[in-house]
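Both complexes shown next keep chain A, but they swap its partner, so chain B is in the first and chain C is in the second.
Moving on, here comes the complex of A and B:
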């Protein structure tokens, strides 16, 4: 049995992994297919159907299964289009953050000395700014746009990746097998990427999944205060802001975007934890 | 025999404190040279200085001439070509010396791909051959295992296979058997000796175990407190030993009679 099949088996045996993956796959599929589904235009206003509840509640209509918002826009359509925004931010911001973090973290941890000192002091200074304030400042400078949200998340969060990965590398590089690789004559580049990187992979996967959750929550938060996406784009954050204004008369306006946000972030965190437990070859035992 | 390695007045300081003082010795090709001494005598540091992998806080001065080149002054890139191809190091703990994330196959073929330019297939064939040579009966099976799935003795054999993979002219064995039980120790030592004869490789055998060194080495340098106190022919140690410290080491080898008295 190969390692990959063992890992796949272990993951399938875990209910947590299956459920969280299912939730994520659902939202991913929804986000990707939203433009092609027979849904009403998420921005089409209908002033004759304002603040409708979902269809199973009195006053709801099947034409708008999850109801409408304060401008009569279809909630289901906005929710699914919002999923694509959230997932775009999650993937793009995490990819950017992870790239910066892993390059700097491995470099600092492997070479130590002056490189490390310099990088870590920059990280210290960076981390002394409160992250949300920093993100808001960055957006104010860069302007309101989805890609600027991605950039803001990366510019705020690269420090976390760098820090965590550096400390992992510091402990791995003292192991005998790194010395062994040096005695064989491998170059520092080879040792960093082929000997050390696979050994920090479990940690890397955890913080990557955590980072995706953080990226989504930052996007929702920035959109909530009106600094995330342009007003024409539907995002869970703008939906929340809208729903909150009419919370007393129509609580469903908050319920759906909030549940979607929580479901995705929670699934990401749980999946990260399960992955760490199951894919580490050192912990691989079939029960 | 020709001179392979010449260490001249090697001094190593850690944080400015001298830990290896004026160490000089020569190793001829095909010779097994023992460095014997208690913990902290500077044996391992001397070994690491030869392959130039001292910790960053250590400073080395002196000359280490290997085939005429001074290893302490050549460029890092040139040094990388020597490591693994000309000189290899076998470390104390075989289990941690192997990368836990890779199968044995990858670790044993990597060195051959790097230094001999073999393709994956050629390297794998050679790996099977090497593993057979170090006494592993089912090499194909072992190749597809991770280090934690095989025993410590097996790991050390794999390390020896890696060390001899490119037929280096010098192998530094830094207490290669300390982490193994006595029976495996004997097996591993015999294997090393056998392969060493076959390839005519020189070995610097670092150990604190004088009895073991007497068994395997041609010549022995006794180190104490950072200096070499005596260099002796292994088969004439009992006759030639003069230095107090060597004598005290010799008398500390346990014998059956002594343990009866106790």
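Moving on, here comes the complex of A and C:
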């Protein structure tokens, strides 16, 4: 392989990173600004304007740029408010999952012994539950609410975080700089957070990126089947369900939430992928 | 190499421990229900006495540990209780829908293994990664099952009308039940029309489930095969003058498949979870659809039973994968 092609490959990879980052920045901006933009109320029904197509299609109106749904609610407004919901779940669920994962992963990996053994048995048992089934069951117990979606994601996914971070810590704690820190007499707390944590940060960033994608897809999935948000909250999942039901009368209704969900999930995954290739030295092969 | 009975015994014990652990978790989940589960289940307009009766029936008036022991004893005797919504036993409800789910999942696995192995081998042999294959792999791994299902319903069922959008067979098509798997039953009874009808119905749900697993197998196999092809014994084979096809499909594939098999257990867990939602989208009358009905009607006995059953399947599959792995891989040590 010539240097030119290698450079071309790397450029291609960073192009992937650039595009996915752009999509995510747009998504974050939309999610953060939706409540402040001069949009119509996402729940305001207008039974005189049901199932309107986007404005560039015959029958569309400029007042509803992306059309309306089966109850005459503005699709653009619902899409942007749905971005807020997805963003909230992505950030809150990932933060909660990551916190559990970091604390358990680092302490179990650093101290090992009986606590670690017990924790890993619990993780094994937990991972025997099919994740989506467990999430659905948890929602059935906790009740339909956005914060319960956040809780369900964390209760299902803490195992993945814990396991990955623990195995990282297990290999890092054998390194000389950790032994040196122990010899100097630093406290375990200091070593765990100031010496080991910075070294698992790359892995942590990668799995956090991927976790945000998982959290969003779980939120959309649960809302799609009516177990995510309350009916008054607009989510991409409820939009998908509505759009699919009325696909024959207005095919655009399903198109926008579907593309939005796929664009965001795909971008998070591609970004995670690029980060992994760039950061993980074990995968530093030019392919 | 034969599997030692000691290894088998140890693995069975581990499986029993996993079942016990999951049963405890499944038990505790239903004890954190805020408020009183029985009144939530039956709804308003029921006498206090009836609720007290039900509580006694579900042993809710007993201490937690006793309740748990009852639950384990019930599990062991496959008595998962009575469903509120349907008024019949939970296990019979599950067994009624089990064949539909198992048929869908097995068919999915067949598709995923077939296409995953072929594309994985091609990608490894060709060395350089095709941009199209790479894009497909990333979307396959990233986009969840239910979004694929929605895409396929829209595109192939609603727009192109190539495939039906729901059910296992069309109304009016009768397939005599032998095994409960419609595809097999139709073939056994010589019902060719029924077979193709069932095949048409299973195609879209199975493909939407299979895409993720195909991409996963493709990627894992590709990287492990690239490693195997660099091994000395492959070089020896080449020098001996074996044909390239023989070297790839007989000599190296067997070893390259090892990492794929080890990771299949985890992937299967995801697949099974995804099947529930795909069943719901395609109106597939399996366990997943039953779960959604149970959740909707707050039928907690049924929800708990279904959760345990799904978990039982994943634990059993993981056990079988481990046994298969040790059976075909001579490098595994038995401890």
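Convention: the second predicted complex is superposed on the first by the 259 of 287 C-alpha atoms of A that agree within 3 Å, B and C clash if a C-alpha of one lies under 4 Å from a C-alpha of the other, contacts with A are read in each partner's own complex, and residues count from 1 in each chain.
Criterion: contacts are C-beta pairs under 8 Å (C-beta built on N, C-alpha and C of every residue); 3 or more make two chains touch, one makes a residue touch a chain.
Everything quoted here is computed from the prediction, not taken from an experiment.
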For A:201, using the defined touch cut-off, is the partner it touches chain B, chain C, both, or neither? Pick first, second, both or neither. first
Per the contact definition in the header, classify A:137: touching chain B only (first), chain C only (second), both, or neither. second
Between chain B (first) and chain C (second), which does A:100 come into contact with in this model arrangement: first, second, both, or neither? neither
Scan A:180 for contacts with chain B and chain C and give back first, second, both or neither. first
Please work out whether A:170 is in contact with chain B alone, chain C alone, both, or neither, and reply first, second, both or neither. neither
I want to verify the contact counts: of chain B and chain C, which reaches more residues of chain A? C
Where does A:91 make contact in the superposed view: on chain B (first), on chain C (second), on both, or on neither? neither
Please work out whether A:129 is in contact with chain B alone, chain C alone, both, or neither, and reply first, second, both or neither. second
In the complex, chain A residues that touch chain B: 112-113, 175-177, 179-187, 195, 198-199, 201, 281-282
Using the touch rule from the top, collect the residues of chain C that touch chain A in their complex. 17-18, 21-22, 25, 29-30, 32-34, 129, 138-139, 141-144, 146-147, 150-151, 153-154, 158, 266, 269-270, 272-274, 276-277, 280, 291-292, 294-296, 298, 300, 303-304, 306-307, 310-311, 314-315, 318
In the complex, go through chain A and note every residue touching chain C. 121-122, 124-134, 136-143, 213, 217, 220-221, 224-227, 240, 244, 247-248, 251, 254, 258, 261-262, 265-266, 268-270, 273, 287
In their complex, what parts of chain B are in touch with chain A? 51, 53, 56, 79-85, 88-89, 91-93, 96-102, 110-111, 114-115, 146, 148, 159, 162
